[in-house]
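Residue numbering begins at 1 within each chain, and the chains themselves are lettered A, B and C in the order written.
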Amino acid sequence: MTGGAGTTAVRLSGLDKAFGPVEALSGIDLEVAGGEFVSLIGPSGCGKSTLLRVVADLEKPTAGTVEVGGKTAERARLDQDYGIAFQQAGLLEWRTVAENVELPLQVHGVARAERRKRAGELLELVGLADFAGSRPGQLSGGMQQRVAIARALAPSPKLLLMDEPFGALDEMTRERMQAELLRIIGETGAAVLFVTHSIPEAAVLSDRVVVMSARPGRITDVIDGCRPRGGAALAGQGVDGAEVVADEVDDVRESTAFFASITAVREALRKGHG
Amino acid sequence: MTSLLRVWPPIALGVLGLVLWELVVRLAGVPAFLLPAPSAIGAAIGQQFPVLLSTAGVTGANSLVGLVAGFLLGVVLALLAAWSRLLRELTTPVVLAASAVPIVALAPVFTTMFGSTTELPRRLVVTIVVLVPVFVSTARGLRQVAPVHDELMTALAASPWQRARFVRLPGAVPHIMTGLRLAAPAAVIAAVVAEYFGGLQNGLGSRVSSAAANTAYARAWAFVAASIVLGLLFHLAGLLAERLVSRGRT
Amino acid sequence: MGGRWRTASMAVAAFVLLVLAWELAKLVLPADGVSLGGTRVLPRTDDAAMPHVWTVIAQLGRPEVAVPGARPVGLAVAAAALFTLGLALGGLLLGAVLGAVLALVMLRFALVERATLPYVVASQTVPLIAIAPLVVGWGGRIAIGGWVWQPWASVMVISSYLAFFPVAVGMLRGLSSPAKADVELFHAMAASWWTTLRRLRLPASVPHLLPALRLAAAAAVVGAIVAEISTGTRGGIGRLIIEYAQSATGDPSRMYAAILGAAVLGLVAAGAVGLLDVGLRRYRGSVR
């Protein structure tokens, strides 16, 4: 358990980012608490991916401050305080599944035996223990994305950054992956900053949904999501967490709170557009 | 069944071609200087077999030494070019020019520089001929890093050396092997042709020209056939190496 | 534009560095080279083996023979290179046309493709140029319709022979490159085989054809030079290299001047294909 309530995973204040004359982000203030799940949603070009990349220190902000776990974004990146997953799984096809999961640990000089052990645990966590020796090319898209998530979790980060990780998956796989993700982060306690195009996805996963608008990219609204949290409490008590969370998520998808969230996000998006 | 369907047309064409060739030469009385009959060439191969083997050995050794040297040099140069912008900008125009220039014409240069009693001039020609395609395809492989892998390595705070070791080099391996496959038969061609420009006269190329000069046309064609077999051997070896390395990848 | 300037000046710098390395080798290495166990591992660097770069350049202006009014070496090299260029371009054209025709026939008749393609591919990997000395024998001995076979025709035949294969393979690959969906679209429009060829397959073949032509041009130049040497065809650059190399009285730097001419010839032939490349730019898709 590395996450924790009461701490701040990400703090952005007065953040601006310009690409030449184009203002990608303007006056962003946002806090993500420890263990919190925050989604970023908005039209194309609203800068939600840029925002995530600034937190990951893949882009430098033009103005404002970025704190990740109380450090600068660069320090946090160098210390491997976050894990990241992209829309493409981005696995190295010449390595086995287990070797892909080990990559972040290998980059940071963790001994082989320890890497092996950790990769085994993580593949167990994402339900792919039987595929440790397979090549990524032999796996389906959803399985590859689960390997990418396991890789992101390898250094036991307190923060998980995800840029439309399920964007390329079909709807059925996508819903299963959402439940899977909730169970995994329930067990690890990591905070999540999650970029998505899908309103239902944002609503079912998030504690809070941050709605953004384009030109310049800014935050227009923050809406409560309906992330179920019961299953996490049961995890590690000999109960099959996967089953519990899957049932919970199904319940959420049929609840009035879920539809209320969706409606609120949709209205906020329309308002931001007009 | 399907493999049989794929295999029979070329075999049929080959047999048909040989028979037709034999018939045309016999019936039309084609003079030997234009084209000897396959049977005559076959007889020459039988007679000359020990000489064929030893000359093919000389040319094969020259090709192999040049191939290995050119391959290693090509890969190392491409690595250096990928690593430093200055080196890249300096090496690329030279290699591109080399790909358009008849490199075999350098054979007499190397012969004057190293003397006509050593194998080195021909091997150097082969080395340069091999270096060009290996450099080009290795450089291409090293350049083609998927953006997502690049970002991942940044997010993982990987050092430049780690980027090279974990992403660039393994990603370039298929390209490097393609370069080797293209270069392998080119090595034999260069080794044969370099002999036309003087230097030691103990390989297949010089045997072809000396036999032709002595109007022993069937014998000349026998040495041509040996060159073809040697070229095919190198081609197949290159193909096999490429297949072996790319096995298990997608 | 700044990038282009940089690329060009770096290319110049690269060749200047090569020249400097040459001169440095002359300066530093022993004149008779370095031998290890009887094999020379470093070259002789005396003026006979490695003449100064300026000697080679000065050589271009000297008269070819010690007779008043003799043409300078530079002119002789240029004339020889031009002669060979003509033969190589003729061979390239001949080979490209034949290669394109074979590709079309292979496209039209699948059996032809299955029967001949293995040979076409294999022929790219075997030293067919080895037959060059044999085609020599044709000179002066065959007459086609009253026209006596000339040695330069042998050179062009060999040159076209080498240019033929890359074009046939590249063209076939290009002609069969359109996506299945595109071919089906033409089929759905009830387009004839010829219309599909003209409107879809030929334009789609351009990106594959251009690299093939570049290979073919280089092969045609090598073919022409090698053929000249083995056929003893006078007038070309290949023969000139050998003549200069073997003339004991001549200055060794002449041979280098002739080789320089051969290198320029190769670059000019590549440049000619480059012009074609510019002319066909609009057909160049994303395929490389």
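The criterion applied here is as follows: contacts are C-beta pairs under 8 Å (C-beta built on N, C-alpha and C of every residue); 3 or more make two chains touch, one makes a residue touch a chain.
All values reported here derive from a predicted model rather than from experimental measurement.
Distance from per-chain Cα centroids to the pooled protein Cα centroid is smallest for B.
Placing every chain at the mean of its C-alpha atoms, the farthest one from chain A is found to be C. Centroid to centroid, with C-alpha atoms defining each point, chain B and chain C lie 16 Å apart. Mean C-alpha position of chain A lies 51 Å from that of chain B.
Centroid to centroid, with C-alpha atoms defining each point, chain A and chain C lie 56 Å apart.
Multi-chain contact residues of chain B (touching two or more other chains) are absent.
Across the complex, chain B meets chain A through its residues 146, 148-149, 151-158, 162, 166-167, 170-171, 173, 248-250. Looking at the complex, you find that chain A touches chain B at residues 56-58, 77-78, 80, 82, 84, 86, 88, 90, 92-95, 103-104, 106-108, 135-138.
Across the complex, chain B meets chain C through its residues 6, 9-10, 12-14, 31, 33-34, 89-91, 93-94, 97, 99-102, 104-106, 108-115, 118, 120, 184-185, 188-189, 192-193, 196-198, 204-205, 208-209, 212-213, 215, 217, 220-221, 223-224, 227-228, 230-232, 234-235.
Within the complex, the chain C residues that touch chain B are 6-7, 10-11, 13-15, 17-18, 33, 39-41, 43-44, 48-50, 111, 114-119, 122, 124-134, 136-138, 141-142, 217-218, 221-222, 225-226, 229-230, 238, 241-242, 245-246, 252, 255-256, 259, 262-263, 265-267, 269-270.
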